[in-house]
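Look at the two complexes coming up: chain A is in both, with chain B in one and chain C in the other.
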Partner chain A sequence: MIIAPTNAVSAEVSPVDVHARGALLLLLASSLGWLVLSGILALIAAIQLHSPAFLQDLPWLTHGRAEALRETAFIYGWAANAGLGIGLWLVGRLGGNLLRALNWTVTGTVFWNLGVLAGLVGIALGDMTSLPMLQLPRYVQPLLVVAYAAIALSGVLAWSGRRVDSTYASQWYVVAALFLFPWLLTAGQMVMLWAPMRGTLQAIAAAWYAQGIWSFWLAPLALAGAYYIVPKVTGRLLPSYEFAPLAFWVLLMAGGWTAGRALVGGPVPAWISTVAIVAGMLVLFHHMVLGLNLRVVLGGTGNALSFIRFGLAAYILSGVLNAIVSFRVVAERLHFTFAGSALDQLAYQGAISTLFFGSIYYMLPRLTGRTWSSGALIVGHRVLFIAGVVGAVVSLTVAGWLQGGYLLDGKTPVADILGNIRGPLLIATASQLVMLAANLLLVVNFFQSVCPCRTADASSPGPFRQPSAVEATAT
Partner chain B sequence: MKNAPVFLFGLLAALTISWAGIVLGSHAQLGALAPYFDDGDQQSYPFRQSGIAARGQLVYAELGCASCHTQQVRRPGYGSDQARGWGDRQSVARDYIHQIVPQLGGLRLGPDLANLAARKPNAPAAEDLMKLLYLGSPTHPAYRFLFQERQISGQRSLKALPLAGRDAPAANYEIVPTEQAQSLVSYLLSLNHAFVYPEARPAPKETKAGAPAHAAPKETPVPAAAPDEKKKTEGAKK
Partner chain C sequence: MNGPSNSDPRIDQAVVTDDAVVVAHEKLLGKQPDEKARYRLLPLNLLFIFSGLIFFGATYLGRYAGYFDPKVFDETAPKATAAAAAPEDPIEKGKKVYATVCAACHQANGMGLPGAFPPLVESEWVVGSEERLIRIALHGLQGPVKVKGADFNSMMPAAGRVAGSGFNLSDDRIAAVLTYVRQEWGNKAGPITTEKVAEIHGKEGDHKPWTAAELEKLP
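And then the complex of A and B:
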């Protein structure tokens, strides 16, 4: 897909962008397909929570399978493709050279998506692993490792072959994600699927893997975009930037150790959840520095920045809440309830998705050299999506709080609890619907914007309001 | 972070240290857990899963039952698991050593099932579980695809569900569980955490500090309760 730029926008659209256009658009387009699919599945799974009979005669859409399909389409479909597209673009731009090995990226993308598709079919047919965040059947997993490595190769080359010797925060985060995910996936599948450890050790490994998805992969990719775009758009240097390396290493070093939060009170050694409490507190340092560095986001305007502002707020809030719920006193009430789902929504929709959206809104015009086809759709997407996230997080928190109270009192029969929290669950379903609608606006806008059929609008002043003066502040 | 090899090594170290600490560390602690041989009973606990129960666990896993049911009883005094009759002791790692894919779960939309066969006041009968799977309930989906409706040829099948009224199949037809449903129910009825391992007894310190509100500590006749529970264990096996 080669699209000739329609405007002379050389200051914003660099040769790096033009060169990588096809490969990165392929990643973004695939990610949006998965985003819609996971939204539909999320809606189905949400309906099944308050109306268990929904679609009960479809064996491939039992609630457990719908949930696994949703999660897989979201993580390995949407977040992986979008995160890789954004990450490669960032290291390409910051490296200053044309991205190399892009044919590997394209091949890898095709095989990655085929692998995810085969995995989803496998889950639907009954091959899910039942390990949280790693539901993909094991027969597609080696393919995914290789395909990921092929995609990531270009990013690692762009970083190691960069023009400027010094590096920027976005580069650390992207390289960490590109480099570590294959190790994470390999280590995870080895001890859980190929040579499964004994008994509950599998659950411990699964908790570590699920936390690794966040700490070693998706959070770094999401933050990389924020670190790049915030100073570019606001035109300001990041305050306290000298602490950014510390924030980076704290996330990587302590992040994985917070895994035990998912196992509090369970049949595992007690030190695992104790370490998680300590690590959760340590990671707060990362969130604090992030807040310090990126607080200039509050002063900026623009579509990309509005998404990033909300995403960063959700990111920091989710770090704080995760640290709180890891305490045993709190977990006694909230563990095993919808409060966990609320935190997942906050982290994965509120932080990861929103930050990715912000990056995509900033990146696409620079990639294609043309504006987004509709500003109204962007605003609609933002308003609806944020409303959906807030609705889902708040309603699930309420549901989880009530559910925890009922579970704790020991008298309310379990079968009655669902009826008592039906209200909040209905709101959560509505929120999923709103998020899905919002994302459809993005999809429409995206394909209208990249469609080669779109003619140049000579009267438009050009896609970029801010002149190239801000270009200098990023590195 | 300018030096590529050092930077990449640092990244890998960050990942590896947490993996080694959490995964290998707990493996070193629990990887060699053996069944516990009880001198009084002259047998080992936990029981090995029967073939059909092991198959049932795979059915449980691939249907995604763990998305609404946990299988981990919390200790008395932490949560209400004991009051709900889900178990008088916490689940410990040794309970799971024979399981191929332990299903700890993370959400309690339904009851905890770790100790289903020894649940108090009474464990569900196989027939109740079959009916729940076939008919569903307002809070539980029906899994009709785990059953087969077929014409009765000759004698009625012993496995046919005893359904009456609105739910009953047409005359001369019967509803029989498929092999999947049978193994799933066998698995559920094999779930038993009644035997009290040494590590599952409440620590003495906790006994003294235990909140008086909970019916537990001092009086709990742990060893005395065990034999009576074991009978249930054996009953459930049949």
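And then the complex of A and C:
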């Protein structure tokens, strides 16, 4: 079904965009810096898996630290900045009023990034917490909470001060992420770092936090962009949209409970893992509705949609695989193997990064009022990046499967196992290199596009077509 | 959908306004009266699938949740695991405890996982001082530790019958599993007796997880 044209006043070039340009470009530019840094670290960590001697003499780049640095730069650097930039833009646009408190956003962004930088230095010096997804040393964490609040403030104001009462799925997801992350971060810090719980409880809290980063924060931000851009570009109503609220609530309610699957077979009471397996199945409903809602993406064309299409496929696939892998029979073989890294790559690069890229490609021309500087670079980025993701996921899955077999039979010494799976690990390294190269294309294109030195396009009336005019020509 | 003439590959054109997106979808949720009153019935098959998932979940929980008992670690354990067994060979008994408790981290072959779980094979902590080894098993270990020249910095939960323990192994099971690891995989160290474990357990009570530095002060 096609969305009926309305006689609404909001045109494609919205004053919201011009007003928020500086603050949002700052967030995007910072995110890209971290993206490249985390790509370089990922490459180093990947090389060290098959060539342990690599950079071994640098104490701040041992495998454990390189891995912690990579994860931190990716989550708190790239994903946080990009996700917040996209999220604020979405609630601003959909709320219909100019974003307020943007100077808070700018200040918050600066301090957030300084905090992350200090944290990375701390990790390099050996101060990491050893908690998955929360490696940042304890001393930078309070700063991050405050900086986050400052960034998110304008999003909250845009939500509460929105012009119309009706709301749309993108807004729910962004607002949930804005509110839930600070809760996750403070609660997680409390029970794991400031007043640590003991033994088993600690392991459970750590798993809950790591899952929360996905279910309460990054996944909602990534989906918000997809929910907005798909109908905007295709002009179609989302099928089965009646179920979107249920899918949203299922993610928020059941998502956190899936945490325990990381602990299957571990030192926790049986019910924790069992509840996690069940929650993983329930969350499949969220994935199913998402697929039904956004399947119109298949009919669309354009850069943003091409990224979003792959990102959604990866998102849904990773939900299904996670549900399957959590069952104890499968978990026994794949636990603590590279198969876990394969799933991480699928979820964080395949789904989160790709969906963010889609949103950024759509959003930037609105912010700058100009097109991207090069279309070829966009295509190059897409082709290379997707090839890298597929390569990494497939090779690590193979490595994990073989490794799981060796570990179970228990006859092969660990050192030999790593030797036996060297082939797939080399391919994984090559894939990291390809992803890094792909992202560099984005960075070049981004800075060329925003550069004030760029000469204005010949096309005089600005790059945008008026939506209503298109409606007339389309029929 | 793309307009034919002026489609520039460097930009994604939108074909509808923001308001149109919000308003059109809000109608689908049935919150705003539609002039033509075209409400759609919630598709039954989706509701059906959702109920199916809930039903599956409830059944699965009932079967495998271990009665939500914090002390049940094996989801297939029958409710009453009382049946007192006849005295067992400590090595056999230790092997069982190892497989259910320690192997999850230190692996069945005792080699651990590089960077995450230290090895027990030829570890100076395993074949060395009884005093230290028993304390590690009873109360856990945290913080930096060197094993066979490699650095680890993580946390092992308490396994003994102490506050905060996830396993609650009795002193004789602790003795059995330690005896087992001290003679398996080529390790050659003497057995650990239940009396020795009980003595240390009595002395240290519910000590919090040890650090390597604390242990190194012990004989």
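One rule holds in what follows: the second predicted complex is superposed on the first by the 447 of 475 C-alpha atoms of A that agree within 3 Å, B and C clash if a C-alpha of one lies under 4 Å from a C-alpha of the other, contacts with A are read in each partner's own complex, and residues count from 1 in each chain.
Assume a residue touches a chain if its C-beta (ideal position, glycine included) is under 8 Å from a C-beta of that chain, and two chains touch if they have at least 3 such contacts.
Worth saying up front: this structure is predicted, and the values here are computed from it rather than measured.
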Three-chain arrangement built on chain A, chain B and chain C clash or fit: clash
Which of chain B and chain C A:Thr167 touches, first, second, both or neither: both
Touching partner for A:Asn303 - first (chain B), second (chain C), both, neither: second
Touched partner set for A:Leu143, first chain B, second chain C, both or neither: neither
Partner chain(s) touched by A:Leu184 [first = chain B, second = chain C, both, neither]: first
Partner chain in contact with A:Phe216 - chain B first, chain C second, else both or neither: first
First (chain B), second (chain C), both or neither touched by A:Asp57: first
Partner chain(s) touched by A:Arg65 [first = chain B, second = chain C, both, neither]: first
Partner chain(s) touched by A:Trp257 [first = chain B, second = chain C, both, neither]: first
Touched partner set for A:Leu408, first chain B, second chain C, both or neither: both
Colliding region between chain B and chain C, picked from 27-35, 45-53 or 117-125 after the shared-chain fit: 117-125
Residues of chain A at both interfaces, chain B in one complex, chain C in the other: 63-64, 130, 166-167, 198-203, 245, 265-269, 275, 328, 336, 407-408, 410-411, 414
Touching residues (chain side chain B, partner chain A) in the complex: 1-2, 4, 7-8, 10-12, 14-19, 21-23, 26-27, 29-31, 33, 61-68, 70, 72, 74-75, 78-80, 83-84, 90-111, 136-145
In the complex with chain A, residue positions of chain C that touch it: 1-3, 6, 8-26, 28-32, 40, 42-43, 46, 49-50, 53-54, 56-57, 60-61, 64-75, 77, 101, 104-105, 107-109, 111-116, 140, 153-155, 157-158, 163-167, 208-209
Residues of chain A that touch chain C when the two form their complex: 3-6, 8-12, 14, 63-64, 93-94, 96, 130, 164, 166-169, 198-203, 228-229, 231-235, 237-238, 240-246, 265-271, 273-275, 277-279, 281-282, 284-285, 288-289, 292, 299-305, 328, 336, 361-362, 365, 371-375, 378-379, 407-408, 410-411, 413-414, 459, 463-465, 467-468, 470-471, 473-474
For the chain A and chain B complex, residues of the former touching the latter: 48-49, 52-54, 56-57, 59, 62-65, 67-68, 126-130, 132, 159-160, 165-167, 172, 175-176, 179-180, 183-184, 187, 191, 196-205, 207-208, 212, 216, 245, 249, 252-253, 255-257, 259-260, 262-263, 265-269, 272, 275, 328, 332, 336-338, 340-341, 403, 407-411, 414-415, 417-419
